[in-house]
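Order as written gives the chain letters A, B and C; numbering starts at 1 within each chain.
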Amino acid sequence: MTFRFDRDTRRRWFDVAMSVAALACVGIAILPLGSILFEASVRGAQAITPSFLTLPAGSGGIANSIQGTLVLIGLTGLVALPVGILTGIYLAEFGRNRIGGAVRFFVDVMTQIPSIVVGIFAYSFILELGIAGIVSRRLVFSTITAVIALSTIMIPFVARTSEEALRLVTTSTREAALALGIPRYKVILRVVLPSCASALVTGGLLGIARVAGETAPLIMTAFASPDFFTGLDQPIDALPLRVFRFAISPSLADNRAAWGASLILVVMMLGISIASRAVIRLRSVKR
Amino acid sequence: MTILAAKIRVEKLSAWYGSKLAIEDINLELEEHAVSGIIGPSGCGKSTLIRCLNRMHETIPKARVEGKVHLDQDDIYELPAVSVRRRIGMVFQKPNPFPTMSIYDNVAAGLRLNGERDRDRLDAAVLASLKQAALWDEVKDSLDKSGASLSGGQQQRLCIARALAVKPEVVLMDEPCSALDPIATAKIEDLIFDLKKDYTVVIVTHNMQQAARVAETTAFMYLGHVIEVGVTRELFERPKETLTESYITGRFG
Amino acid sequence: MLGLLALIAAILFVAAEESVRTFGFGFLGGTVWDPVSQVFGAAPFIYGMLVTSALALVLGVPISIGIAIFLSELAPGWLRTPLTYVVELLAAVPSVVYGLWGIFVLAPVMRVYIEPSVQAILGFLPLFRGNPIGSDVFTAGVILAVMIIPTISSVSREALLAVPDTQREAALSLGATRWETTRLAVLRYARAGIFGAVVLGLGRAVGETMAVTMTIGNRNAIFTSLFDPGQTISSLIANNWLEAGSLELSALIELGLVLMLVSLLINAFARFMVGRVLHVGEGAE
C-alpha cells in the first residue's frame, strides 16, 4: 500500500495540527492558573494558624488586614452602591438621549482608568484640599482617602452592571405599569427595580469583590498599618496591601505569611462571587 | 429517462436533526449533464436532501445521516468530506460572498485552497468562471472591488462563479433565487440552462414555475419523502399521485 | 459623572504642576530619575511600559486567539461553558496575587529553566544577552501576557461568534478543511473585532501595576536586554511613592497623568475598532 502524501493529505494533517495547537493554547493559559491556585492553596494553608488570623500585622498576623479590608469595602459599598445604582437607573430609564450617551461614554471611560491613577487622584485631591487648608494634610494617608479611591473605581462598574440589569426588564413590563396610571418614579421603584433586584445585587457584590482585591490605589491612600483600625482619618491596613508588604519584605517569615494573606483574600473574593451567584438562584427558586 | 447515465444515485437516504427525522428512505437518480429540480412545500425536506448530497448536512451539530449517495461509482460517505465538496459544489439561498475579499479573490478562493498559485492559470480560471456565471462583463473592470459591493443578483452570480471555479462535477443550488428580484432571477435561470453542458445541476426551488422553466426532471417531496419523480412536463401536466396534483394546483404549500 | 472625570484630570494636573514647572516638556525625554540630585525624567519608564506591553502582546495574542478559535469553532458543546469559565477565572485573580506568584514561583523557574533556554536559542540577539536573574523585564512581560489573555480571548471569541454561519458554509462548500474555513471565512471577517480585542488587551497591560512592580526588578534605567531589570510608569509610582519628597511626588503625579492619557487613547482606539465589527460585509443591498 503506497502512502500518498499528496496535497489533500497534507491539508488534512495540517487541519489536525492546528486543532491541536488551539487546544494547546487553552492548556498554556490554564497552566499558570492551576499553578497559582495550587501554590496559593498549599503555601497559604501552611501559613494559616489561629494566631495568624487573630494577631495584627505588627505581630506577624493578618487580623488587622482582614478588619481593614472589611471596613474599606463596607464603607466603599455604602458610598458606591447607591451612587452607582442611581447612575445605572438614570442611564437605563432616562438615558436614551444625547446627554445619556455622553454620561454612558464617561462611565465607560472611567471603568478603564488604571487603578493606580485613581489612587493618585484620591491622594492629590486630598492633598490639594489640604494645601487649601480645608482639611488636614495628614489626611492623604487615611481611610477616607482610600474610600474615595475605591469608590471612584466601584461607581462606574456598578453603574454599568446596574444599567445592564435594568435593561433586562422588558419594555412591556414598564409599559404595562405605566398604562395602569402609576407615576414614573413609582414604576421604577416598585416594579422595575424589584424585578431585577437579584441582578442588581449581583452586580453590586461583584463590584465589591473587585475592589477588595485592589492594591495599587491603596498604596498611596491607605498606607497600611501594623495595628487595628484606629480612625477614619488614620492609615488603615488591608489584605491586598498586606500581601504586597509581606511579599517584598526581606523576612522569610513575612514571605510565608504573604501566601496566607493571599489565600484569605482569594477565598474572600471567591466567597463574595459565590454569594452573588447564590442570590440569583435564591431569587429564581422563590418564584 | 436514462439516456444519459445517472451522475448521482441516492440510496435509502435518511437524515436527522438531533432526534427529529427530516427525510426518510429517499431513493433518487439524478441525470448527468441535466438540470434536476426538487420542489415541495416548506418543511418537506428538500433543503435537507440537497445538503446531504455534498455532506453539508453533517456540519450542523447533532445532525445524522444514514444511507448511501453514489457519485458515479463512489459512495460519498466513504470518501473524505473535503474531496466530496470539491467535486460537488453548492450555491446557497442567500448570497454569501466573502466580504473581506475582492471579486477576483472570491472566485479564486477555491483554487487557492487547492494549491493553485500560478497567476496566469488563476486569471484564466477566474475569467472563465465569471463568464459562465454571466458576470464577467459587469465586473471585468472592477475585479479588485470588495465582493460585498455588488448588488444581490450580482453577488449570487459571484457565488456561482466561485463554485464553478473549482470545476466541480455537480452544482447544487438551494433556492438560489429566492432572495432576488425577477430580473436577477431571470439572468440566473438563463445561465443555469447553459451550465448543463459542463455540469450536472440540481436545483431546489419553492417556485414551481421556475422548476418548469429550467429543470428537465423534477422530484416532488412532501413531509420528508419523495412522492413522485418524472419528466418535468409530465409531472406538471399529468401527475400520477394525488398529493402531487394537490400541490401543483395550489391546494397547499 | 462627567464632572468626576474632568475633576480627576484637573486635580492631577494641579498636583503635577510643580514638576511640570520644573522640567517642562523635557520631562518626557529625560533619562535620569534621581531623588538625590532632584532630577527626574520619564523616558526609561515610558520605554519600560512600551517594551513590557509589546512583549505581553507578542506572547499573549497568539495564545488568546488560539483559545478564541478553540472555544468558538472547535470545542464540543458540553466543553464550551466550563472552559470559558475557567479562562475567565484568570481575570478574577487579583494583581497582587499574580505578583506574589511571580516573585516566588515564576521568577525562579524563569531564572533557572526558561531564560537560559531562551538565551541558548536566541542569545545572539542583543535582546537576550546578559545574566538572567528572574526578576526582570521578561518575567514581567510573561505575567502581563497571562493577565491579558482573558480580555483578548473573550472579546475575540465574541467577534468570532458574530461571524454568520453562511460564511463558514461558503468556505466548506468549496472543499475547505475546518482550519481553512476558520482562516478564510471566520478570522478574516472578524479581524476588526480581533484587532480591537488586542488593543483592549494592550490597554489593560499598560495600566497593570502590582504584578509588574513585583517582578520587574525595579531598576530605573533604560535596559538593553529583556533579561535586565527594568521599570514601567506604574511600577515606578508604586515603588517610589511612599518615600518621595515633594518634587519627586509631583513628578510621579505627572507620570500618572501621562499614564492616564496613554490609557485613555488606547481604550478609545479599541472602542472604535470593536465598533467596526458590526459594519463588516454590508454591501450594496
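Here is the rule we use: a contact is a pair of C-beta atoms (placed from the backbone, for glycine too) under 8 Å apart; a residue touches a chain by one contact, two chains touch by 3 or more.
Bear in mind that the values here come from a model prediction, so they are computed numbers and not experimental data.
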(request) Name the most central chain, where centre means the mean of Cα atoms. (result) C
(request) Starting from the Cα centroid of chain B, hunt down the chain whose centroid lies farthest away. (result) A
(request) Go ahead and name the chain pair joined by the largest number of contacting C-beta pairs. (result) A-C
(request) Quick one: report the Å distance separating chain A from chain B, using the average Cα coordinate of each chain. (result) 55
(request) Compute the distance, rounded to whole Å, between the mean C-alpha positions of chain B and chain C. (result) 48
(message) With centres defined as the mean C-alpha position, give me the chain A-chain C separation in Å.
(response) 20
(message) At least two partner chains per residue is the criterion; list those residues in chain B.
(response) 82-83, 114
(request) Would you please write down the residue numbers of chain A that are in contact with two or more other chains? (result) 11-12
(message) Using the touch definition from the top, which residues of chain C touch two or more other chains?
(response) 177, 180
(message) Applying the document's contact rule, which stretches of chain C touch chain B when the two form their complex?
(response) 77, 164, 166-177, 180, 184-185, 188-189, 191, 280-285
(message) Looking at the complex, which residues from chain B come into contact with chain C?
(response) 54, 56, 59, 61, 82-86, 89-90, 92, 94, 96-101, 109-110, 113-114, 146-152, 155, 159, 162-163, 166
(request) Report the residues of chain B in contact with chain A in the complex, numbered from low to high. (result) 80, 82-83, 114-115
(request) Enumerate the contact residues on chain A facing chain C in the complex. (result) 11-12, 14-15, 18-19, 21-26, 28-30, 32-33, 35-36, 39-40, 43, 87, 102-103, 106-110, 112-118, 120-121, 124-125, 127-128, 152, 156, 159, 213-216, 219-220, 223, 240, 243-244, 247-248, 255, 258-259, 262, 265-266, 269, 273
(message) If we count contacts the way the header does, which residues on chain A are in touch with chain B in the complex?
(response) 7-8, 11-12
